[in-house]
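Look for chain A in each of the two complexes below; its partner is chain B in the first and chain C in the second.
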Partner chain A sequence: MEFGPHLMLAALEGAITAAILALTAVGLSLTFGVMRVVNVAHGEFFMLGAVAAWFISTTIGGHPAWGFIAAVVLAPLIIGLLAASADWLVLKRLDYDPERTIVATIGLLYIIQQGALIGFGPNAQPVEPPFSHRIALPWFEWTEAGFEMYYPWGLSTNSYKLFIIFAAAMLLLGLWLIMTRTKVGLVMRATQQDRDMATAFGIPVERIYALTFGLGAALAALGAVLIVPVQQAYYLMGHDPLLLSFIVVIIGGLGSLRGTVLAALLIGMSDGIISVFFSPTLAKIIATLLVAMVLVFRPQGLFGKGVH
Partner chain B sequence: MLEINAVSAHYGKVQVLYDLSLTAQAGEITCILGRNGAGKTTLMRAIMGIVPATGGEISLNGENVSERPPHDTPRQGIALVPQGRRLFPELSVSENIEVGLMARSFKGTKRREMREKVLELFPRLRERLKQQAGTLSGGEQQMLATARALAIDPQVLLLDEPGEGLQPSVVAQIQEVIVNMRDQGLAVVLVEQRVDAILTLADKAVFVENGRNLETLSRADLQTDPEVIRRNLGV
Partner chain C sequence: MSDISRIHLLHAAMVVALVICWFVLPVYHAGNLARIMVFAIYAMGYNLLFGYTGLLSLGHALFFGAGMYGLGLAMHLGGVFAGPGILAGLITALVVSGVVGFLALRTSGVAFMIVTLMFAQAGYLTVLLFGTYTRGDEGFVLPQATRALMGIDLSDAQNRYFAALILFGIVLFFIGWLVRTPFGRCLVAIRENEERARMLGYDITRHKLIAVILSGTISGLSGAAYCLLFGSAQAAFAAVPYSIFPLLYVLLGGMGTTIGPFVGTLFMFYLIDWSGGNMMVAGVVLVALALFAPTGILGEIRRRFTPWLP
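Our next item is the complex of A and B:
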């Protein structure tokens, strides 16, 4: 395959990585932004989403679409409730102290991971996509005969992969509308900016924290439900999303949702393209190097305004 | 009527308020006076429940509000204009007012009435509804902090040094609003350091030192001997 079509294919893979990464990292960013809690267990909520999707789809059986629809609705809800309970049981009791909650979420990471190993087992499990049609992609070239469109051999994707990008974009748009156009969003933004004043104006801050922690985990779980049909559910699959989410959140600016989405696009696309042309390891090295550069030269992130 | 009865408060292990008592009557401006570090702001925070009262009782119209969760305090009709304004800086002017309106879950006509009422008090805010609060001038920020608190439609209005760092014309406008609110029957509790403002506004002055009551004087006492303010404030 020539360079152009090859690059297009790599960019498509990058867009899928970026879409899932944006959803997962926005969850992490939301948790930090509103609660000032660095949730080290975030990747495990992603893993739980994938495991829940596998469990729900195998339990329901029948056409994979039914299992997928049930997983899209139920998995984020269950994981969100689980996270909200963890907030109530652990984080609230630590008074959301930034340092102690890091240690607590490390503990949570191991509890969830080992719990999944016991309940789910050590083997990776596939989940069937709800639909999957091969879509040949066209390429355009300027030849002596004029502008020509043709379908190069091997330049194709499948409909479910395109659906992932579309669904993630719609979910992010929905989240943006919730944050900017609804009362819940206003209350969350007010709490993010001044916890004491939020309390002084009748906002039940602890309930908002539980909601935020649950929503952050639900977003990670949604990302996992979307990606698990093209990957597999596995009890150690939370590591990469956690690392990449931290990279994205630091580059984007802690607590900045807009910055997080833009950084997810940057890191996801570069990860996809570098992985296809060179190696996934090189992609991670470059992303980590970028974080180091951002931390040295612009600690508040590329789009952040600094921590209040 | 707001009654503060032998209230104590701590920051961690450090006690800041010691059995502090005062009453704020409806239709009256009660000034809290004291030197820096006397515990005035802590008292405001304790009334709001942001700093828990570790002893004593805070009650509004005979109902104990200090036993309720802190986010319930504004729902009882107590509103705070904090020191340094403490607006939600990245929210717009309109959204800051909305947070005030949401505190008592105002809906429909009542919500529109309250919003109109506070915007009529501060017309300049109406011109800047979409502007981020953090980008307003100091005077406009103070107007917004006051408007946000009044959007609660409070029975008790707590103001912590509202004139701090503002130009005289804005201070005069804020004072006019405070007097109007008092005349409409609100109980106003005002932390103030400026002698002229105290003499103009105070119906009663409660002097606080090291977190304890020092003395309480009526408006007549203050007018007869204004020097008592300077002596107690050390200015």
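Our next item is the complex of A and C:
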């Protein structure tokens, strides 16, 4: 394959990474924005989503589409409830003190991860996609004969991968509508701006916190349900999404949803493209150092407006 | 008895008790104790920053790894002896913690934790990137013949135990002394109320930077000692869990106490060992500590019985 088509394929893979990353990172950003809690266990909720998707689809059996539909509905619900109860049982009792919540979520990370190892086992398990059609992609070229469109050999994608991008975009749109057009969103934003004032106006802040924590985890789980037919469910798979989500949330400006989505696109696309052409380890080193530098020299993030 | 002589007595009693342990304990547990003392040095270094200065770092594995690879690579590739090797490890950790401290201290709170985490992650990945020299996850082994200091074979179990004990004792007395100096008092003042310490005219940034460098160098000493005494360096020692361990040890033992790090390391080591290396125990302990005992074992003892505890 020539350079052009190769780049296009890399960009497509990057777009899938970006779509899933946007969902996961928006979940992290939401909990940080509203609750000021750094949830180190976020990646584990992602992993649980994938494991739940595998579990649901193997239990239901039949056509993979049924399992997929059930997983899309049930997995985020179960994991959201799990996260909300973790908030209720642990984080609430810590009064959301930053250091103690970090310690507690590190603890949750290991509990969930090792729990998955015991319940799910150390092997990676595949999940069948609900549908999958090979789609050949065209490539355009200006030659001496004029404009030409042809289908290079090997340049193809599959319909499910395109569906991931579409579905993630729809979900993000839905979340944006919830946050800006509904009462729940209004109440959440009010809590984010001023917790004490929100309490004074009779908003049940504790319940909003549990809801936010659950919603954040559900978004990560949803991202995992979407990606698991392309990847595989594995008990250590939460590590990379956690780190990348951190990177995205920081670059996008802590707590800013729009910045998070923009940063997810930037990081996801460049991760996809860089790791095709360079050593992935080197790409990760550069990305992590870049993030550290952003935090040091521009703590409000690249897209953020000002310090809170 | 004055508080200061009580503190000296406590530290001396602890060292004497550890000497006795070698002769009393079965070989297996004595071997464990050597390892625990090396990790307790790491925890004490971490405690200086977290417990006394109030800065929570999530990236101390970087300093531990810097010491480990500073010594390991100098001996493995450079072919130097153990003495210069230790020096190489200490200098590497000093330089790394100086750079990280200089940059990371421009942030505070959550940002500080994430910046240190990111630096440590970059360090871990760098070890993997130069896999040709570091052998990555697999690591490399220091040949037994090179692991000797002043003619003493450190791969021998007894020599190893007492070498670990001597280092542990030095660091214990150093920290016991440091936290009672005006400098140490100022670190505690920063932990308790940074703005107030600044108002009183202390140079906060300088104090914090020195705290990071001291803490990082002590952690590096522990990494170098581990590599020398146990003869291997692996990338896993620079990975995220090794940034979490000292936090766990210090929280369990009691942050801001001189012997808390050792107590925490001792308990946690046997707890993880007993559960067959299952990290779930670590997770449960972390959550339980955050919920019920934020001051740790020694913190509770100090609160209830012995307010003079250092």
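Going forward, the second predicted complex is superposed on the first by the 305 of 308 C-alpha atoms of A that agree within 3 Å, B and C clash if a C-alpha of one lies under 4 Å from a C-alpha of the other, contacts with A are read in each partner's own complex, and residues count from 1 in each chain.
Everything that follows uses one rule, which is that a residue touches a chain if its C-beta (ideal position, glycine included) is under 8 Å from a C-beta of that chain, and two chains touch if they have at least 3 such contacts.
Keep in mind the model is a prediction, meaning the values are calculated, not measured.
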Would you sort A:Phe201 into first (chain B), second (chain C), both or neither based on which partner it touches? first
Once the shared chain is lined up, is A:Ile250 touching chain B (first), chain C (second), both, or neither of them? second
For A:Glu99, using the defined touch cut-off, is the partner it touches chain B, chain C, both, or neither? Pick first, second, both or neither. second
Where does A:Val187 make contact in the superposed view: on chain B (first), on chain C (second), on both, or on neither? first
Who wins on chain A residues touched, chain B or chain C? C
Residue overlap on chain A between the chain B contact set and the chain C contact set? none
Listed in rising order, the residues of chain A that touch chain C in the complex are 38, 90, 93-94, 98-104, 106-115, 118, 243, 246, 250, 254, 279, 281-282, 284-285, 288-289, 291-293, 295-297, 299
Partner chain A, residues of chain B touching it in the complex: 45, 48-50, 69-75, 80, 82, 86-91, 95, 98-100, 102-104, 148, 152
Sort out for me which residues of chain A touch chain B in the complex. 183, 186-187, 189-190, 193-194, 196-205, 308
Which residues of chain C touch chain A in the complex? 56, 58, 103-104, 106-107, 109-111, 113-115, 117-119, 121-122, 125-126, 128-129, 244, 247, 251, 278-280, 282-291, 294
